[in-house]
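Think of it as A, B, C, D and E in the order they're written, each chain with its own count starting at 1.
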């Protein structure tokens, strides 16, 4: 059986792989969306934080022998703290200014982080082994899916759903949502909004770092791994609708799949298909798929 | 003329290929100058080095600036074909010897050859010929290519295809991946679907290591044999033997091939805590031989030095051979290696097992194949 | 007023005189030409950001694509340099029109993101199309003879041509900004709804600004190809768009001379530092970004102007 | 002796460059209802926002329950026991009515329970799960007031709560304010609707161009009508 | 007779996600009138203005200007037909001088607004007219002042001068006296009366002194719908209006003095 001239097998296989990539897009765009929603900042440094997360895991393993599972917890914490420091020292000064300044500042920060790691570790990349527990692969009939990749999809869905639950169903989430609409008023009710903003940025950074740790066993850990990805993730967020959490998760997964399928039909276009989709979406729905009309 | 003789090295110091050549490569040029005595024709030799960040524009403007402002006598070109082709244009225009080490594109001594550009180390043709013919002859008739989607990948694939077909093999298909792709799984899935015997990777650096890692993960190494068309020892090191075991690759030099090489490697290791790549060895060798040629010619005049250099027999720890007059291709032996398994590797960096040695005449473009029309 | 105006006039005069004698006093002409090309690029960008209030994160597309077109015209078609430059500029104007039509309806961050996405598509075209030489780019583009008589292969001749083009464009930008059209742009920047209510169709004005800016950016790219003899992927890469933003920001968005100053600093830094500090160039550029955004958002020239304004206000 | 809950002295406030308040003095005792009058743009809303720390910058002295709050962040001020109902209502669109109601954290004991609140505003109970901005204007206004009753704040700042509401709802709000006063709440009212505010307030301040121009008690109201017409155009 | 009415709306409605801000409004503005639109805060007056000037698309209904259906035109087109508005929140170009603000409006009819090659000097001949307009609103002494530095009331006056520069047939004024001191209010009232000669004015105004003294006709909006329409005397006696807007009958009506 064939779909568009592609054997069903290959088609299904690409679908699954697309989902794996989509899982990363979803996790990264989720953090970006949360940060944009609450801080009104397009966090260009997100890719760099993702990279730092991956490096943190690698360094922990290389220097201290800390394994993947601990890294999965510790690296996001470290990067979360880094995020908090960034928010306190830099971003804090930009609130109330044109959001473009936030974009430019975080762009500068990402250059700094990337440069520092380049100087320390070069660019050729470090290898991070797949954790033993997840080594091996499972034959799905239409393809051999490495266990670790399956784990990534599940883990990212859990994280995304968890974040979604936190934001849509808890009190803290209510503060966050209300804060995106009118932060000053929420603060006037007695909520420590500056603290919340700080933790949100930290949390977004931690999410990026977690994606980085998850990515480490799949790809080479290099200082440039983030900057290659961030532009695509931006596109995901814009397509999903800036600031829309569910939107960015669904769009992330969806675009992963679209990209995966493009690799079958027209591989050369796979790195640009996301941008084509973005332009089309924005022409038809200027606020993005899930965005609220301005 | 008096004043120092300036030689320059422009390579990738900070980007993708910084480890295989980079700052250490520039240091090798300095070592050669030191070992030569620091002086030639009674004038001190000064080494300039610069980072082109893997950008052709940076490389060519730097080369132009040095020649204009510093009156550079000779330029060593490091990694990446794009930058080397760019610098070759400048060298031809400004008439300065340009000795290419790190770049792979065979165009440097083929379509785009010029009287001042010498291609000294490996090239894409030799990689294809060495890895290709040996593998096909060993019975791996059907090939599938995973190629980086840019000029270098395309020419590597094209060169290898020619070799495979010439030896009676066939190409089952190929897939192009974007440069710096982070995810290779879907390309590999397509490769696996082809049921070919060989998965040939016509890419380099990070793309190669990522693809290799994924190939291992998806169990492709169990059903197909992977051939890396351009693999450096640093790539093998960063991937680890567990990911690369059994990989066949072509290279021009390996640190553990003879005593002279081991001696050089030991000195390198003491400084850098890693083994030199073939490029770093070549950087040393080319500088040394250039200085010898200057000495012999008794001048730094480009044309005279070029003539002397081409007439010289080159014989050192890196290679033995001669620069071919018709296209300035350095003809030397090439080797096919296989990456050892973890248990066969006895000492650190003991990674390769020699499979075969291919004489230079067979490894490189033959005069019959050459498209070089040397401009006068 | 007259005092400051005099000061500014004198400054420009001194700078111009300096530019005129630059090759004679031993400045490396290729470097100064490169600087002028990027200064023109930054001025073109600033026409949009500083004088219309639109942040484009895709200006590399105009610069880079025009660079390719010029290289292609000369190398593959054997066209004379003036035609090649004109072709590059026109093509950039056309791409600017297309970009503008898609992006102009959105504002702020969205505008930046859309231009970035569109520029990625141009990048992709440059990577894939056969005439661009892919990864290698177009190398060894000869300068040829201007109007069939002026041999540009001499750096000095080329230098004066570039200087002339730059000065003309710089003056053109000042004229655009102060023209009746420039007044409308200013209104749009200051209070867009009010401009609309006065009967100005702001989208059309913005579109024209976008096209003008794209054309000038294209001209800068074309010139650069001629000067340096190549067009490569880094000309169209998004980091080039980032660089031009840095130049404007550093010098002073919305000032005439700011982008020139910013371009000078950035190009000089890259040139001087690249060999000395390796990967730290990126770090240093990043730090400049951060410092600019945090400490002097008006840019160096902007801060100087603000200082003069304050002093005048006190006097 | 009556306790002074709020004392404002020489308050200046700015929005960016524009200087809006030019030295405002107000004092409010415990259990009192005080009304700020003035024409549009006189600076009443700005006074309220300045008390909450929401203006760009401010100077002078604001003591809440004896504690100086001029340098405090808004959330700290709220935690001194101040509940703020803004002029634009500030109902959150992405939260349901009930989430809106539950949003402000409890800052002191002694707030009303949910049941009490629903008893006071039965409509809100019915619409509890619909998104906040789907409520009618009147319901939104009730919600905006109701949600600060839960928190235990005893000093309430109510800005134009009768605005745009049908008279019957305005009547209800008047009742509510009386109830609150009876329960010991201290209330600062800003009102355009003089008819609504007149019978409720114990004391009146009249503002003009960011300054208090007049102050009088409920019983002096009649004597001041002429002046009010002059200032308010009512 | 349609010729009498310069502007007509039929069933004009604007909904925001289910919330009806303007509800089925049929309004007729007679040529040469000063027509006032009043109503409580949030009644939909500003939204109605936004619909007329195309800043918002209506959900339903039509707008007819001089017999032409202009419902689907763009804001700038409408403006060029001669419908010009002022804003509730003062709308000036803050970092341009007072003179330049007025010139910005005068410039439009020159037809050189796309001429990016012409020097600024080509606009200087407009200065005389601009100064006349500024004198009309008593701003002649501020000509070269940066607009940000003007006090609030002066900004409103400037806005009026700018609006008049367009020689509009129909002027839409959103609370022209808001934020002004007493004399300002008086002066602006006089000014409006003066400029109303030969043109039509539709204004939103809370100040009943102003409304009663110059409005020929009044429409009262409440919750987006028209609840009364007629001359001041009639409307101010309407119990619905008293209830919704002016307060109960026992309070002295503002217009009385």
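Operating definition for what follows: a residue touches a chain if its C-beta (ideal position, glycine included) is under 8 Å from a C-beta of that chain, and two chains touch if they have at least 3 such contacts.
Keep in mind that what you see is a predicted model, and the values were worked out from it rather than measured.
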Could you work out how many touching-chain steps separate subunit C from subunit D at minimum? 2
Which neighbours do subunit B and subunit D have in common? A
Count the C-beta contact pairs for D-E and for A-D, then tell me which is higher. A-D
Of all chains, the one whose CA centroid lies most distant from that of subunit C is D
Separation of the C-alpha centres, subunit A versus subunit E, in whole Å, is 49
Between subunit C and subunit E, what is the separation of their C-alpha centroids in Å? 43
Mind checking the centre-to-centre distance between subunit B and subunit C? Centres are C-alpha means, answer in whole Å. 38
Which residue numbers or ranges of subunit B touch two or more of the other chains? 14, 149, 178
For subunit A, jot down the residues that touch at least 2 other chains. 118-119, 268, 271
On the basis of the stated criterion, which chains touch which? Give every pair. A-B, A-C, A-D, B-C, C-E, D-E
Subunit B to subunit C touching residues, read off their complex: 13-14, 23, 49-51, 53, 55-58, 60-61, 64-65, 68-69, 81-82, 85-86, 89-90, 92-93, 105, 149-152, 154, 178-179
Enumerate the contact residues on subunit A facing subunit B in the complex. 7, 9-10, 13-14, 17-18, 20-21, 118-119, 122-127, 129-130, 137, 143-144, 146, 148-149, 215, 218-220, 222, 224-225, 228-229, 260, 263-264, 267-268, 270-271
Write out the stretch or stretches of subunit C touching subunit A in their complex. 55, 102, 105-106, 108-110, 112-114, 116-118, 120-121, 124, 128, 238, 242, 245, 249, 278-290, 292-294, 297
Which positions of subunit A touch subunit D when the two form their complex? 171, 174-175, 177-178, 180-182, 184-194
Could you please specify the touching residues of subunit A with respect to subunit C in the complex? 42, 90, 93-94, 97-101, 103-105, 107-116, 118-119, 231, 234-235, 238, 242, 268-269, 271-272, 275-276, 278-279, 282-283, 286
